[in-house]
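Structure first, then comments.
Naming follows writing order (A, B, C, D, E, F and G), and every chain is counted from residue 1.
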Amino acid sequence: MEFLFAITIGVLVAAAVYLMLSNHLLRFIFGLVLISNAANLTIFVSGRLTDGAPPLIPEGADAPLVDVANALPQALVLTAIVIGFGLFAFAIVLVFRAWTTLNSLTPDDMRLAEPEEAPK
Amino acid sequence: MNSVILRVGTRYLAGLLLVFSFYMMLRGHNEPGGGFIGGLTGATGFVLYAIACGTQDARAALRVMPQTIAIWGLGIALAVGLFAAIFGDALFTGQWLFIGATETEKGLPLSSVLVFDIGVYLVVFGSILTLVFAMEEEI
Amino acid sequence: MDGFLEISLEIGFMCVVFSVALAFVRLIKGPSLQDRVVALDFMTVAIVAFCGLAAIRYGTPAFLDVALVLALVGFLATVALARFAERNTERSRERSHHE
Amino acid sequence: MSEIIAGSLIILGGFFAVIGGLGIIRLPDVLLRMHASTKIGTLACGLILLSCAVIFGTSDIIIRVIAIVLFILLTAPIGAHMMGRSVVSTGVPLWKNEGIEEGKLDTALDEEHSTPKS
Amino acid sequence: MNTFGLNIILAIAWVAFTGSVSLVGLITGFVIGYGALWLIQPLIGTSTYFRRVTAWIKLVIMFHYELIVSSIEVAFDILTPKHRSRPAIIEVPLDVKTDTGILLVTNLISLTPGTLSLDVSEDRKTLLVHAMFADDPDALRKSLKDGMERWVIDAVEGA
Amino acid sequence: MAGGFPTDTRGNGLTGIVPVVFAAALFVYFASMVPTIAATEVIRVSIPWIPSLGIELAFLVDGLSLTFSLLISGIGTLVLLYSNTYLAGHPQYARFALFLTAFMVSMLGLVLADDLILLFVFWELTTLTSYMLIGFSHETEKSRRNALQALFVTGAGGLAFLAGLILLAAASGTTSISGIIAQGSALKEHAMYLPILILLLAGTFTKSAQVPFHFWLPNAMAAPTPVSAFLHSATMVKAGVYVMARMHPAMSGTDVWLWTLTILGAVTAVFASLLALRQTNLKQALAYTTLMALGTLTLFLGQESGYAMTAFATFLIVHSLYKASLFLVVGCIDLSTGTRETDQLGGLGRIMPITAVAAALAALSMAGFPPFLGFIGKELKYAGAIAVASEPLLVAGAALLSNALMLAVAGVVAFRPFWQGSVPSGQSPREAPWQMWAGPIILASLGAVFGVYPDLLQVALINPTVISLTGEIGEAKELKLWAGINVPLFLSIATFILGLLFYKFHVQLRAKLEQGFQAIPNLDKGWDSFLDGLKRFAKWQTQLVQNGKLSSYLFGTFLTIAAGILLTLVYTGMPMIAVDLSDVEWKHTSIALLTIAGALLALVTNSRIAGIAALGVVGIGIALIFIVFSAPDVAITQLLVETLIVVLVAVVMLRLPSLPKAEFRPGRAVLSIAVGVAVSLTLIAVVSSPLDLRLTDYFEATSWPEAYGRNIVNVILVDFRALDTFGEIAVVVIAALSAYALLRTTRKGDQK
Amino acid sequence: MSWLLALPVVIPFLTAVLAFLTRQSPLGRWISVAGSSVLLIASIALMNTVLREGVIAGQMGNWPAPFGITLVADLLSAVMVLITAIVAVAVSIYAIADVDEGMERLGYHALFNMLIAGVVGAFITGDLFNLYVWFEVMLIASFGLLVLGGRPEQIDGGVKYVALNLVSTIMFLTGIGLLYGMTGTLNMADLASAVDGADQRLLTIVAVLFMIAFGVKAAVFPLFFWLPASYHTPAFSVSAVFAGLLTKVGVYALLRMFTLVFDHDTAFTHTILLWVAGLTMVVGVLGAAAQSNMRKILSFHIVSQIGYMILGLALLTPLAIVGAVFYLVHHIVVKANLFLIAGVAQRIAGGTELSRIGGLYKSAPLLAVLFVVPAFSLAGFPPLSGFWAKFLLVKAALDVQGWIIAGIALAVGLLTIYSMTKIWAQAFWEPHPDGIEPKLSSLSYRDRAAMLIPIAGLAVLTVMIGVMPEPFVQFAEASAAQLLDPTAYITAVLGEQP
């Protein structure tokens, strides 16, 4: 199963990278969302996949009675999702600001911080 | 958004989401849920409010600035971590008090961990609303 | 009758997944914004159903919690996008009005 | 017994889910498609959740199922209303059942309404 | 809602009597309490409570009936190659006043296949409905008013 | 500096006096050591500095360092005295005095240091202080340029020098200079001898402005004249010579040493004296004669004979005395007349008699006339040259030629302005104030005094210095005015004749030289094009890598990632991979396909809404993965976050324009696929071996009994790894605050 | 013990919370100053303990390692925390003059202290995922600070900074996932032995992934683009703290991971690092040579100097690590200070573009003195701190016959001199193009004190390290010994290993 999702992650990453390279900030944002998802999924898959056994301890038991899914990567992914959301939120606001202040969404045209050399 | 249906629906939904978010937070320690999920759900309620009735109303309903809520949440979470110091434990050591504990029953648990989750809830709730309100107003 | 439930669960899963696939086709085709949102909205509802099936299939009511949250907040995206569509048109009309 | 009921509900729900999906594909304009998605989807979902209640049978599950169904019944129409409203206000081309073949529908609609797509 | 509160108290009392704190117990207590209250109706004076409860039950049943019947109708249209539907957007005057009422009417209309509430005018007097089978708009309008709206008004606003 | 002497000759008050007193005190202090050193003892003081690197604050007073110290502090005193008047009332005099004093102290440190690293510290301090001094007239472009040039060239040498010192310390196992010398000839046989030598010479040659690094020295004359007098006569340029002398016992005697120093010294000497004669500017002429002196000193150091060593010691002193004196004289002339050009000067002898006397005394010493110390120096020089076993003619010839040229220059600088021609109209020269002629006259007189009484010098400084240069075996030759009729005497006479001829025809010679030098590439001009080239190369390179375009930055970053992983894969070979598809259900496959389809739609669509919806699909697909693989908490969070993402994008997009149509870029596509493949392959390899579940087992076992929670994921979040969660909510808060701040700052550039 | 470790992280957070709640009043800035000062005291206490007792570790939440999160301080961590605290104090004082009320109201002080918290957390954590979390805290705070003020060039720089750093962050996260998938642990001390059981070929690949992720943070070639694109745009106090601290966290992480965990194939990994070091030095310094703006020059020099630190890690001899540690400490102090000085230049001379300013030497000699110290320290002039840093590394390179890399290190030093003198000549020596005489007295008393005290303090520190390097060298040696033989580190975290 892990193999299947490793391939899925590869496709997500490839699509994300292409979008991030597209010289358009909205597409970059799309790519960012994809690649964040891919990274989260990488952790999840790295922790190995278990079908249908959430890491919960039933009432009356001291430990899970069956082999439950690996809880640690789940906690990590949860953390990573929330952090990723924070980063995304900032990024999207930045894109918005870039549009309102620089009037462009193509970062290659943004040359205020690194102006092009005036031709001599 | 001048939609009667949405406004009326929001009246029910926002409260519902808020109550539901507390429920998700409180049960988090034993079942799916917890501070994040609670906070996100609760925030959704006010996001809906802001969409339906405008941010002014939403802010008025909230009464406190959302960023203040968020920072208080962080403060609470931090305080929980520091609280362990009183008992000579390390940062973020959970402190438990079982009300009416007997030999067989653990009793009603009161824990610093729950307060920490409340901190998480407030942070997520406040932060998302800070963001959404500001964006709504700016656009 | 263990077998019947198993089989019907498989069928249920297949149907739900297939319906999601159908919705995805609409999402690709569009053509209007709303078509896509409708497709997405349908998927959300399908996931709720999927959670229900999963809860039965694995005997774990925990998945119902996923359904619960999704049922409550899933429409928010729809609302936001609908509002976007509406305001976007308003704005472009205003813009053309100004010109 | 409960498993047979549940199984049947699941199959019925699955059936409606597919119908909903087909409706989204097949129906000729966006509002019609919304009929399929909002209602038939809800129905499908409700049936499957009902089977959950039947299978587990415990009160907390039943409460949860009821809650889910109520939530969907509450939110889905609001979402549909918002969408429908926007369809009307943005002037998305609509089908008028004028006997146009399905395959040529999109082009026909485009010719009929020159409103810009978003 | 005094009667409703009384009913609740009776239900709790029932649970206390039987000693089974469960949902089923509570519902049983509620139903039995309702019966008891209905019996002693003259004692507690005129209350819309009983009618409203009946109306609610009727609403729920009729809603599900409509839902299933029209779902089949739509499903049929989807599954058959030719589209029989004659969609149209129609305006329905609203009599329901309360927020809850409006929400219920619009939601229920939306939830029954074949009709979809698009919008309520700002003055809350008109409802915009998209209907799939609007061969006869007036008939449709009438059926909505006499059907869903009526049931909702009975249940929510009493009469 | 035109405009006559300062009217207020009281100088700069305390700021002026204190440094003079300080320098004088130093001189007296060092003078008090003369008896000890004359008794061929050495004084060594050492305190630990960086014991862990074996570096000490070690100072050594022996003949060599004492000679230098006396010259430095003595001339320093006079120069500071002179400067106080020369720059009287200058608003930045305090800084000047500070830098000059600092320079003097650094120079003293350099010659006294008995630790390689300590020596280097002072070495660089002299570079730094001289940079400040050369650039003293910092408001002129030329000053700044020349200061930079001096710093850059000596700095470059300094870095090579440092490398040499490090290697030297490594080769000898100590940084102590006396320790290295005590090891005898061990260094010469060390495998690293040659690299060390080359690196050290690179440092000393640049610092001493030897050919071909000579070009910065004349430019450094942009400094005020006292600075030139001090730095470029007595001190800084001699630092290089000092180091060669210091290392002489440990490193000399090899063929490389001999020929490198001899040839480069000789070439510098001749070349510089020709350059000196060519100059019409007094200061420039003097600067080049300094080069000539440095060449000569280097040439001596190449050898080991007692004559050469004695000649080195003597000429070192001679040169410092007359050169400092002449520089100061030129300063007086400059202030008095407003020019330093020879052809605009004349007849100053009667108006500035004291200065003239000082100039004459110094010039005679420089020209090597008896009974001046310069004469003795010159005699020794020839004696030393002849003592060169293999090529006496070459060395002696070079010495003869350069000495004759030197004589001519002495005439041009010190004779012609005073005793030929008359004062041009427009000039109203006056005699310099006493503070300004005191220095020259004292220094120049010393040349005469030591010439007549060479024994004074012999015992006090020359003998100890020679011992320093050669170790205990050293035998200094006697300093005598009359050494009998011998080859050096004949050479001296030849020098006089040739020199006087040169002087007589110096104007014509200058023209010839001018033509000659035109033909030789000028490194000074090369300097500017070097800097230009450097800048251009830097610009070119920078535009190549830092072109201001995010897309190429991202391309570079992703390329690094793909290449990094894939090339490493090639290097390591394929890790173990196990493909196990047995437990894959159709559900898994369809969820994976849904996710992939969503991603591909997001990739290809030109519609914003389709893009967002596609992201929604990916989100749903991933949520389904979380559901199927038992992560309800994660699934809920994923769905909630996905919803909020859609909401945020929908809000923001109201203001954003539609997506432009995407063009297909094959290069980007290949790179994207490469990154995807790299990640996939690595992950597949990772999941091919079993996972160690220690941590999870612990969490499962303790979650309920110790942390009282049944939802293990939540217990990890709020208890086992609460610190992570705390950091994470901090991220959320900060993100909100940052985004809020960003939204709320509105500036002028903002559109409506 | 565990509180000693936790406090340096907790204090800035607490400060941030308080500063945010008081953001509408001037109290916020004083809370920030006070908080940094308390942090300084705490980090001195930490350093003191580490010096006395060796590596210390604390288990957060009282969960034993490797199950809970461990905070660990060895000498390197302790000194990084200490130096962070010093920079924090300096910058928080400087901010009184530099940061306007508008920025304060938007939460500057809170963001700043969160940034510090993230940096400290990264230095002190012993858990890989926790390191990621602190990286994120630091990163998101830096996003906010970078664009605070919202000038167009800030937004432009911000876009590039954010985009590239997000890529690095995601690579880091992916790397953590993969490493966890191989070893099943996240505790860094535990990883040190756990990786031995993993496929070594795969480990090398993951090591390269980490190298890239940290390489972006550390701004090495060819991953540094974000730095020169953005560091010259924000407020001066912001760019000072960025310049001083942020890239060093990347260097620290490289140093930590590539001595503790990824030391299985140094012939490969550290050879790559050597190349990276050389190219970073050269490309960075040439970048600086091409610039004409003070802050841009300084920004490129950060890149170049990072190369030196990486060089130390790449050589991996005791002396080289000593050099790297020494360089790390020295560079933070010096580079932060230079950016602070640029801020003063901006205030009194009206800019940082060298052709637009001048005359500072003549009319602001105090500033000139204060500039000379860090500038010439950066250029490696003795007896300033930078000389020893470079000396150690060049010696380390020569000791292993690394002629070329030593030559590069020296040549880059020369070009550094060139850049520093360019600033000196054009901003200080050259008269102001508008003929004005920029004077420090044009600043208010408060601003003058707030700006010059931290600058002078850091300059004194630079001189102190330079003149009395022995304690620092000794310290760096002890620290390098700990890095090269992590037994003490591992024992402190996990207890005695069988």
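Just so it is clear, contacts are C-beta pairs under 8 Å (C-beta built on N, C-alpha and C of every residue); 3 or more make two chains touch, one makes a residue touch a chain.
Remember, predicted model here, so these are calculated numbers, not experimental data.
The chain pair with the larger count of C-beta pairs in contact, out of C-D and A-G, is C-D.
Averaging Cα coordinates per chain and for the whole protein, the chain whose average falls nearest the overall one is G.
The chain with its Cα centroid farthest from the Cα centroid of subunit F is E.
Subunit E and subunit F have centres, each the mean of its CA atoms, that are 91 Å apart. Each chain gets one centre point, the mean of its Cα atoms, and the points for subunit F and subunit G are 26 Å apart. Taking the mean of the C-alpha atoms as each chain's centre, subunit A and subunit E sit 44 Å apart. Subunit E has its Cα centroid 26 Å from the Cα centroid of subunit C. Residue positions 13, 20, 60-61, 107, 110, 129, 133, 136, 140, 143-144, 147, 150, 152, 159-160, 163, 167, 174, 178, 181, 228-229 of subunit G each touch two or more of the other chains.
Residues of subunit D in contact with at least two other chains: 22, 34, 38, 42, 71, 74-76, 78, 81-82, 85, 87, 118. Counting only residues that touch two or more partner chains, subunit C has 13, 20-21, 30, 33, 37, 39, 54, 58, 60, 62-63, 65-66, 68-69, 72-74, 76, 79-80, 83, 88. Contacts from subunit B toward subunit F in the complex involve residues 28-37, 40-41, 43-44, 47, 66-67, 70-71, 73-74, 77-78, 81, 91-92, 94, 96, 106, 109, 111, 113, 116-117, 119-120, 123-124, 126-128, 130-132, 134-136, 138-139.
Within the complex formed with subunit G, the subunit F residues making contact are 48-53, 92, 95, 117, 120-121, 124-125, 127-128, 131, 135, 138-139, 141, 143-144, 147-148, 151-152, 155-156, 159-160, 162-163, 166-167, 170, 534-535, 537-539, 541-543, 545-546, 548, 550, 553-554, 556-558, 560-561, 564-565, 568-569, 571-576, 679, 682-683, 685-687, 689, 691-696, 698-699, 719-724, 727-728, 730-731, 733-735, 737-742, 744-747, 749.
Those residues of subunit F that touch subunit A in the shared complex are 539, 543, 546, 548-551, 554-555, 558, 579-581, 583-584, 588-589, 592, 595-596, 599-600, 602-603, 608, 611, 614-615, 618-619, 622, 625-626, 628-634, 637-638, 641, 644-645, 648-649, 652-653, 655-657, 659-660, 662, 665, 668-669, 671-673, 675-677, 679-681, 683-684, 686-687, 691, 693, 695-696, 699-701, 703-705, 710-713, 716-717, 720-721, 724-725, 728-729, 731-732, 734-736, 738-739, 742-743, 747, 749-751.
Only residues 129, 132-133, 136, 139-140, 143-144, 147, 150, 152-160, 162-163, 166-167, 169-170, 173-174, 176-178, 180-181, 228-230, 232-233 of subunit G touch subunit A when the two sit together in their complex. Residues of subunit B that touch subunit A in their complex: 30-32, 36, 124, 127, 131, 135, 138-139.
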